[in-house]
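Across the two complexes that follow, subunit A remains constant while its partner is subunit B and subsequently subunit C.
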Partner chain A sequence: MAEYKIIITGPMGAGKTTAIEAVSEVPVVSTDVANTAKKDHAKATTTVAMDYGELTLGGGDHLRLYGTPGQQRFEFMWKILAKGALGLIVLMDNARPNAVRDLDIYLDNFAELIADTGVVIGITRMDVSSQPSLEDYHRSLRRRGVVYPIMALDVRKKQEVVILLDTLFSILEAAEA
Partner chain B sequence: MQPNTNEVCQKYLDELAAATPEITTAVVTTSDGFEVAVMQRGGVSHAKLAAMTSAMHALGDAMVGESTLTNCQNVIVEAETGHILMLAVPNVKEGLLLSVIADHQVTIGRLLWASKRCCRHISDELGR
Partner chain C sequence: MSETPLLVAAVGLSEPDARLLTATLSTLCIRTDAAWKLARDAPGEILVVDLSHPEGAAAFAQRGISPDKVFIVLGGALPGGAPDPQVLPLATPIQAQDLYGALESAAARLRADDKAGSLPSQPVTTLADALYDMLQQADRMRVMQITDVEEGGTIFVFFPERIFFLEGRLSSVHGTERVCVVEAPRDDDDVAMTARLAMAQPLMRLLVLAGLSNSKGTLLPQLDPAMAYRLNRWPTMEMLGAVPSLLKVSAYLIKRAGTVQEMTARTGLLPEAVADALNACALNGYLETVPRERAVEQSPAQPPVKQAATKAKLGLFQRIRAKLGLATAEPASDG
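Up next is the complex of A and B:
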């Protein structure tokens, strides 16, 4: 069966590491260090290079999942990790002050990968903040002239992360057909 | 972070640079990639160097863990025209890293010795 490299990106605290930990069949390779930028996010640690996990889908396809650092100062890692990738998941933290605007940062920086492959957007922490709504994100995409799947999820739940990955695969298969 | 952390790091960075003129840039950074002290003779972006040092050292640490080794101390990059060393400053609660770029006129061994000495001095003043 085929091997796929999938990138999971999004801002600090959106749940990239947690999502990979939720689904990986192997111990996750993590590069978390102490977070000294508590004004940006209160969490204790932050990913500075990448996370790595693996998952086999129902059809036997094998996914290699790479999580990026969230902060823009690590954008050099975004470019390194995007090489050879076959799809992108963007996780957005709905509790951040400018969550919808944040999305543009990742869509802009991964524009080439998105154009060549596909993207699915997952909105996290809607239980903490119900606003902005999914429609707000859709509206922002319409302003960019694009339509991408957007879904709310709890990244701690394996099944919800798998649905996100399955959705990405459906898009990639549809693009190939 | 201790109020004198920046001053202590700057003092020993300047000492390191004075003793090793082949060094073009040296940065002390937090483990998550924010500069604490900078010594710069070249045109390298020290903000980018700090972030890259954080990522490289964390990758080194992850590789050490996967290899069932312990405690990544240094990551060394040998280029055609020089060297880049990234060292953990030991026993400092904040988790500091030292990144040094030098031209090829200094050997890696000498650069590593001088950089470790700098780390030890910082550690002696700021260590837990």
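Up next is the complex of A and C:
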């Protein structure tokens, strides 16, 4: 019986919980409480520990999907959750004021996990705000000297979340080659 | 700008159409490398004629005595038979962008006929080479105008959006061999260009039409199979959808540099599939070469113990994909 995990991180409201709900075989277990940081985001609730979803793989094996709390004051949880993860998904809310700069926070905090495994970046809510563009994110990565997959998606659509996961698996497979 | 203006005469046009023509010529003066002028007292080289007006019909009927002129025709039925290279039909009511395109096509035909050239000659190249060259500097904000010197059709390619608008007749994009390329600055106040931008399509479709992205396994002549390449940007979803091997090759190349041979060995893809993927990346300026020594350092061979763990992990990903309903190339293993 083996346990595998993938971490989904990103700022509050980026769609982490929704993305997990899209693919999880079980109802997502969430640790949401009332959001007292309404100045940062108008959401009614926010995750304070993690979101949890899973896929059963047969033979008693499971793939566990962990969504990290989005607020930076919970970043101590990020390192705990990242231990032993297969890979990382970063979801960025394109409607946030400094979305490109926000990406740096997550790439910095998860640098070790990214170096050991791989990362895919999903940009959400581009229907709400088309700027910054995907090219802006790519430029930011070039300044960091790295190349990661970046794609726009609607996390409410299962197929788009599946494509995001498939891309991550391709990255992880290539790392093993 | 050319010293000799290109003279355009209006025959039988209504007042609104004549005003539109004047405005379009002003736009052309700003946007192209030629001086455009409305001919008032001198005969024009390009005649815009309205066949529904007696004067327009009369001018058109006498086109045979002026084989060196080009006629842009509106407002009536053209005689049947083979297309006349001297004639460019224009639908009514006239749209600004259609008139703009027709005038440019007419100028291109005159340039093709006139060896001395009242317009400065542009280097003639193939469509494939023109697209490849401009894609190497795709981040700059600009408009590239590709004109088929034989058929007179025009493609506008917009950067950095990587979209294109096809205007006039490019009889077969795939077979377009002789084109000239002009760079134009971006102007958000240009009505015609704004209209083209609104109707533009993703550039990848043009590359597919031109037979470049799916190159049938032949590496572009600009790429060296002995060189090591690395990706400098993840491909777009459009590209990934157009070239089946691109996901695997891109995933490989963002971690390390590799030659065609190395990528074939490590990804399990056929060399032709690897070539297609590299071509697609190169055409979009996403590929960079890496010195051979640095490429070797980045790709050490795996020890046997790690190989076993690798095989297990690859089996895991197949199982997860199967669970998510994704098609897998190999049957899922128990890892």
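The rule is short, and it goes like this: the second predicted complex is superposed on the first by the 167 of 177 C-alpha atoms of A that agree within 3 Å, B and C clash if a C-alpha of one lies under 4 Å from a C-alpha of the other, contacts with A are read in each partner's own complex, and residues count from 1 in each chain.
The working rule: contacts are C-beta pairs under 8 Å (C-beta built on N, C-alpha and C of every residue); 3 or more make two chains touch, one makes a residue touch a chain.
Keep in mind that what you see is a predicted model, and the values were worked out from it rather than measured.
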item	value
Partner chain(s) touched by A:F76 [first = subunit B, second = subunit C, both, neither]	first
First, second, both or neither for A:H138, with subunit B first and subunit C second	second
Touching partner for A:S30 - first (subunit B), second (subunit C), both, neither	first
Between subunit B and subunit C, more extensive residue contact with subunit A	C
A:F169 touches, of subunit B and subunit C: first, second, both or neither?	second
Subunit B versus subunit C as contact partner of A:A177, first or second or both or neither	second
In the complex with subunit A, residue positions of subunit B that touch it	1, 30-34, 47-48, 51-52, 54-56, 58-59, 61-62, 66, 94-95
For the subunit C and subunit A complex, residues of the former touching the latter	160, 231-234, 236-237, 247-248, 250-252, 254-255, 266-267, 310, 313-314, 316-317, 319-321, 323-326, 334-335
Touching residues on subunit A, where the partner in the complex is subunit C	2, 4, 23, 55-59, 61, 63, 118, 134-135, 138, 142, 147-152, 162, 165-167, 169-177
Contacting residues of subunit A [partner subunit B, same complex]	29-37, 46, 48-50, 69, 71, 73-74, 76-77
